[in-house]
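By letter and in written order, the chains are A, B, C and D; residue numbering begins at 1 in each of them.
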Amino acid sequence: MHLLYSIFVDPFMQMGHAPDLLVQTLWDGLVSGVLYALIALGFVLIFKASGVFNFAQGIMVVFAALTLVGLNEHGVPAYVALALTVVVMLVLAVAVERAILRPLVNQPEIILFMATFGLTYVLIGLGELIFGGDPKVMISGELGLPSGSYRINMLGGYVQLQKIDIAAAIIASLMVAGLGIVFNRTRIGRALRAVADSHRAALSVGISLEQIWVVVWFAAGVVALATGIMWGARSNVSFALEIIALKALPVLILGGFTSIPGAIVGGLIIGVGEKMGEFYWGPLVGGGIESWFAYVIALVFLLFRPQGLFGERIIERL
Amino acid sequence: MTETEARAQRIGAPVLAVEEVSLTFGGVRALTEVSFDVREHEVRAIIGPNGAGKSSMLNVLNGFYQPQHGIIRFRGREFRGMKPHVAATMGIGRTFQNIALFRGMTVLDNIMVGRNLKMRGNLLQEAFWLPAARREEIEHRRAVEEIIDFLEIQHIRRTPVGQLPYGLQKRVELARALAMEPSVLLLDEPMAGMNLEEKQDMCRFVLDVNDHYGTTIVLIEHDMGVVMDISDRVVVLDYGSKIADGTPDQVRSDQAVIDAYLGVAH
Amino acid sequence: MRLKYLVLGAAVAGVIGASVPASEALAKDSMLVPLFTYRTGPFANSGIPIANGMHDYLSMLNARDGGIGGVKINVQECETQYKNEKGVECYDSFKSRHPLVINPYSTGITLALIPKASVDQIPILSMAYGLSASAVGADFPWIFNPPDTYWDGMSIALKYIAQKEGGGFDKLKGKTIGFIYFDGGYGREPIPLLNDFAKEYGFNVKMYPVPPPQMQSQSGLWLGVRRDRPDWMIMWGWGAMNPTAVQEAAKTGYPLDHFIGVWWSGSEDDARPAGAGGKGYLSMNFNAVGANYPAIKDIEKYVIAKGNSQTPKDMVGENFYNRGIMNAVVIAEAIRHAQKLTGKKVIDGADMRRGLETLKISEQRWKQIGLAGFGPPIHVTCADHNGHGSVYVQQWDGKKWVKVSDWIAPVKDKVMPLLDEAAKDYVGKNQPWPKRDEPCDDKTL
Amino acid sequence: MFYREVGQYKTSYAADQALLPILQDRIGIAVILLIAFVAVPLTASNFALDSVLIPILVLSLAATGLNLLTGYTGLLSLGTGGFMGVGAFACYKLTTFFPNVNIIFLILCSGFFAAAIGTVFGLPSLRIKGFYLAVATLAAQFFLSWCFIRIPWLYNYNISASIEVPTKTMFGLAVTGPTASSVTRYLIVLSIVAALVLMAANLMRGRIGRTWMAVRDMDLAAELIGIRLYQTKLLAFAVSSFYCGVAGAMMVFLWLGNAESESFNINQSFLILFMVIIGGLGSLLGSFLGAALIWGLPIVLRHAPDYLGLHIRSATVDQSTFVILGVLIIFFLIVEPHGLARLWQIGKQKLRVWPFPY
């Protein structure tokens, strides 16, 4: 009885008692959701256009951020370093296309998936070899990102909004909007969509797959850089972030592997879900349930909707 | 006694029947109140233009799709919807339009999988390869080798299925279905994409199976010549509805069928 | 095609080759001191400066004094990535080469090596980490963990808080103390003592465990802190968990001068990322911070200036770098003791054990080695392998650590019974545990 | 020239169904076993046993377990580490409950606990497939890791939240714990692994193996010929987890001697998955080759500079190892996506026609 009470009644009473904390929890959830969504966005871009489940997306986030900070440490001014990092991500995209995608074209997806594991190792090793393994402080100030927070008194308490989080949300929205425009309005976007629908059909109308791959990997790299800056500013830039990048997987499950809106909505749901879970239900089992709660949300969700939020119902045929 | 009469004599009472079966996919009607029956030993064909619902019909028969309405009767039992493994257990075998073999396995293993329902070995027996498991394996191997001989595929026994040409794959699929010792065999376009010689071979095998094992056969086929040649009765579907049912001769002269194939507007 | 076989062949041959024992003759003119390091992986921020400090001090002794007692120290690093399997592998690769002492630098690796130490006759020095109970010399003759156990640390943290609240432990009554910890063996270790004190002095404890995958994502947890409003926060963190916690505390608006970390949560890298927000953060420490010591000047002169070190200039004098130096001092002093005790020049692991067991670094001795006031007096005995030294509290002023308290002694009468009990428990669970048959050296040096 | 099967005609189905129908293969295996059981214990150093051979054997067994699930049944799992942990903690609890029972028996028993947990987490596998299932198993991984630290009962309320291996003896010989010799532990690990892999090979040539592969190749068709998907998939999860569980128990009791929750984290799962894929999905031999490569290579790289007389910092070596391993993974996938085991087969095929390939 007591257990049922503490599961089904008490958390909601708490929400009522301290509505400011509820708002704060929701906000924090949304903010980490935005970051999950950005990582998931990188996955989706690549999966859509090349059918590759890019496990290395998480490490690309770290690698991009590390490159940026590392360059700055070597005396390159922040904005120049930013531009150089973008170039590095372009080089990476070309290298991936040449060294991995082209030789492995038409292989089963598990093979490509594995190849991105290999890429993960290479990036970890290279990142540490070049910039050292010690975590670095994100140069958010030099990049003109705001710090500090707004404190809004409301609901008998207060809610604290970090300026950097607001910036993250704005940048994320801009990026999604930008990608949307690229996807829907430009020639390359049309080609991208064609490739996403059918590789063979796209080839037959003269679209260069290689070119498309470079473009999506580069786009994913830029998304990774943005994610890395945001997350780095929240804690610091280190390889421990890689595990957090895995949180993008439940996001993908929720949103579907090929849907950009799905990645965004999925990210927000996972972010809010796990913060609410940790804050209101975590104490029942001693806290610290954030490490697996997101996966369980996704799992439960899957059992009811195996195709994800935005996926179409799968009719199996023979 | 002519051959046809001899066949006619073997044909017995209905073993399988569908009554007013309707199937929809999210609003799209695939089948509308279709009813027909299949008699023991008979070769029963389902024909119709593309998209008429033929494959859906077979999928309903062995429980891959659950119809929204209607009943399936099989050997005196009534089903509102069949379950695949129930169908398999009760002796309904099946081949597929787009070959559904296990591509990573050899021909022999593919056919041995067909024996699965007949095998009893449990985890322990198999893990320790106890005499029981060994005996069972050999016993079923014998049965499978018989089918291999029957369908003349001895030479490819050890070949992974994925490496075989199309025609042979179709034959292996038939072999796998036969390994289940089905009393009713559902063949989904067994001759699609074959050249004349291959088709003739396949026809021979289908009729042999029907003769030799006494298996009732329900088949979908596009080649009218083949259908008229080997089937005892034909059911014609168009846009998911039955438009004719009868012997090949009856169907051939049915006006609705002619219209359907010529594409007369409804 | 051919290439494939070559690669495959090379790989296979390599594996076989590696299984051939590293047949290194026991060098007569040097003493092997392996350093288990982690310059890679998620804990590298803590691992790198420590490794550098240890390496540089020992190298300095080699360069300046020609080693210890005229014998060079053969310093060899082995990268563990803070992973237990790698640590055990490192241990195995050194085992047959007669190392003097093993510094695992990971509680997990220490735990894995403790049972092996007595069998292989290799002492283990886990300086203020590892298994607290291993301070009991009667049960763990081969393990040493000076200058403090985590229980000492927790008692000191509480003592400091009580002082700030205006006096003795009774001032804690009715207060709420939050404990944020790495959810693993290391972080959970102080909990029994914390709970004991809470019961005795009537304060509340709130637990905030950080699971390893969540080290860099703690905002959910800190919302809990905001809800529970603990009067003080104590942290047992490591690696990337520390800077994230400090940043989150600042973000949540938690008063950082009421947030106190254990000595492993006190690196400059832990406080720095929080920027101005990190000002006021407290942490315990037992080694001095800063480079203004003759010995450290010697390191700069003999090692770093010569390019024999991986240490960047600005790392010298940082907290964890100095921690590494302190660890190296303990090793060096123990070697000296062992040499005096045995009269040998080149000592082995068993001699080293005796050296560690009689280790005494007085204030005077600190001064003699050019590190006056660098660390607390350390006194290890046969029965007490820890010493339970004093610890001070330092505060981050936004740029560097500043000492803000005197040396505070641990509450030994609370810690000791717990230690004995824990040792008994460990021995009981690991029956048959070898009885101590190593004699005690009563010679005081 | 020497590797010919011509002239070896089978006269019975029994002979044809033997695990190794070709004489040379039988001789080869016999030689390998002879070396492994006799020559290695006589000659290998403790380092080779403790840090190379025992780990490779233990990891091979885990890889075999995962291969049964992923390679043979086609279900991608990222929960291997968690299932290994279940085995390890179960074995630890069993030794406290039954201190006098033979430790090898307990190690094998602990596999059943892993099997039970594995089955529970296999439940979603009917509704979800592919990468979606992988995420479901990821939930298992993180949840189990959390349990290993949050349920103090599992580690007998040890303050350090770790499990320590008590010394257990058999016939007066220490088998586990610090006093057990490397050779003893090696021989036990080798025997268990050999027996379990033999059982796996048996399963794969019989009915159960065929149903698994059928489900892997085309689950819908398998269902239509009467294979119960649910039972088959769950059985695969159970057997696979059994192997992983036993491997986990061996890892703690016969290799490391100590473990904590972090020993069975997500990286462990990834490592085993690498081994399976590099070795070859759906190949038992591949599990061994993969484990040998992934575990052995870093050791080789770590010691290679010493042998070559180079002085490279150990951290640099480790970082380069990451790069080299990554490049090798990609390289192997490109030259042979079906893994080392396929390379081995191609080699055998070449040998068959050697020296006259045409």
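Heads up, the rule we're going with is that a contact is a pair of C-beta atoms (placed from the backbone, for glycine too) under 8 Å apart; a residue touches a chain by one contact, two chains touch by 3 or more.
A quick note: this is a predicted structure, and the numbers were derived from the prediction, not measured.
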Chain labels contacting chain C and also chain D: A
Chain pair that, of all pairs, has the most C-beta pairs in contact: C-D
Chain whose Cα centroid lies at the greatest distance from that of chain B: C
Between chain A and chain D, centroid-to-centroid distance (C-alpha), Å: 33
Inter-chain centre distance, chain B versus chain D - centres from mean C-alpha coordinates, in Å: 42
CA centroid of chain A to CA centroid of chain C, Å: 36
Distance between the centres, which are taken as Cα means, of chain B and chain A, whole angstrom: 49
Multi-chain contact sites of chain A, meaning residues that touch two or more partners: 128, 133, 243, 246, 286, 288, 291, 318
Residues of chain D engaged with two or more neighbouring chains: 142, 145-146, 150, 220-221, 224, 266, 315, 319, 322, 328
Per-residue multi-chain contacts in chain C, two or more chains: 39-40, 183, 211-213
Contact set on chain D toward chain C in their complex: 44-48, 50-53, 55, 142, 145-146, 149-150, 156, 158-162, 164-167, 177-179, 255-263, 265-266, 292-293, 296-297, 299-300, 302-304, 306-307, 313-315, 317-319, 322, 328, 331, 335-336, 340, 343, 347
Touch list for chain D against partner chain B, complex: 12-14, 16-17, 199-200, 202-203, 206-211, 213-214, 216-218, 220-228, 235, 239, 282
Touching residues (chain side chain A, partner chain D) in the complex: 53, 99-100, 103-104, 107-108, 110-111, 113-115, 117-126, 128-129, 133, 243, 246, 249-250, 252-253, 257, 285-286, 288-289, 291-292, 295-296, 298-299, 302-303, 306, 316, 318
Residues on chain C engaged by chain D in the complex (per definition of touch): 3-5, 7-8, 11-12, 14-15, 17-22, 37, 39-40, 77-79, 81, 84-85, 88-89, 92-93, 95-96, 107-108, 111-112, 115-116, 118-120, 131-133, 183-186, 188-189, 192, 211-213, 310, 422, 425-426, 429-432
Chain D partner contacts - residues on chain B that touch it in the complex: 62, 64, 84-85, 87-89, 93-94, 96, 100-105, 109, 112-117, 119, 121, 123, 126-129, 133-134, 136-138, 141-142, 145, 176-177, 180
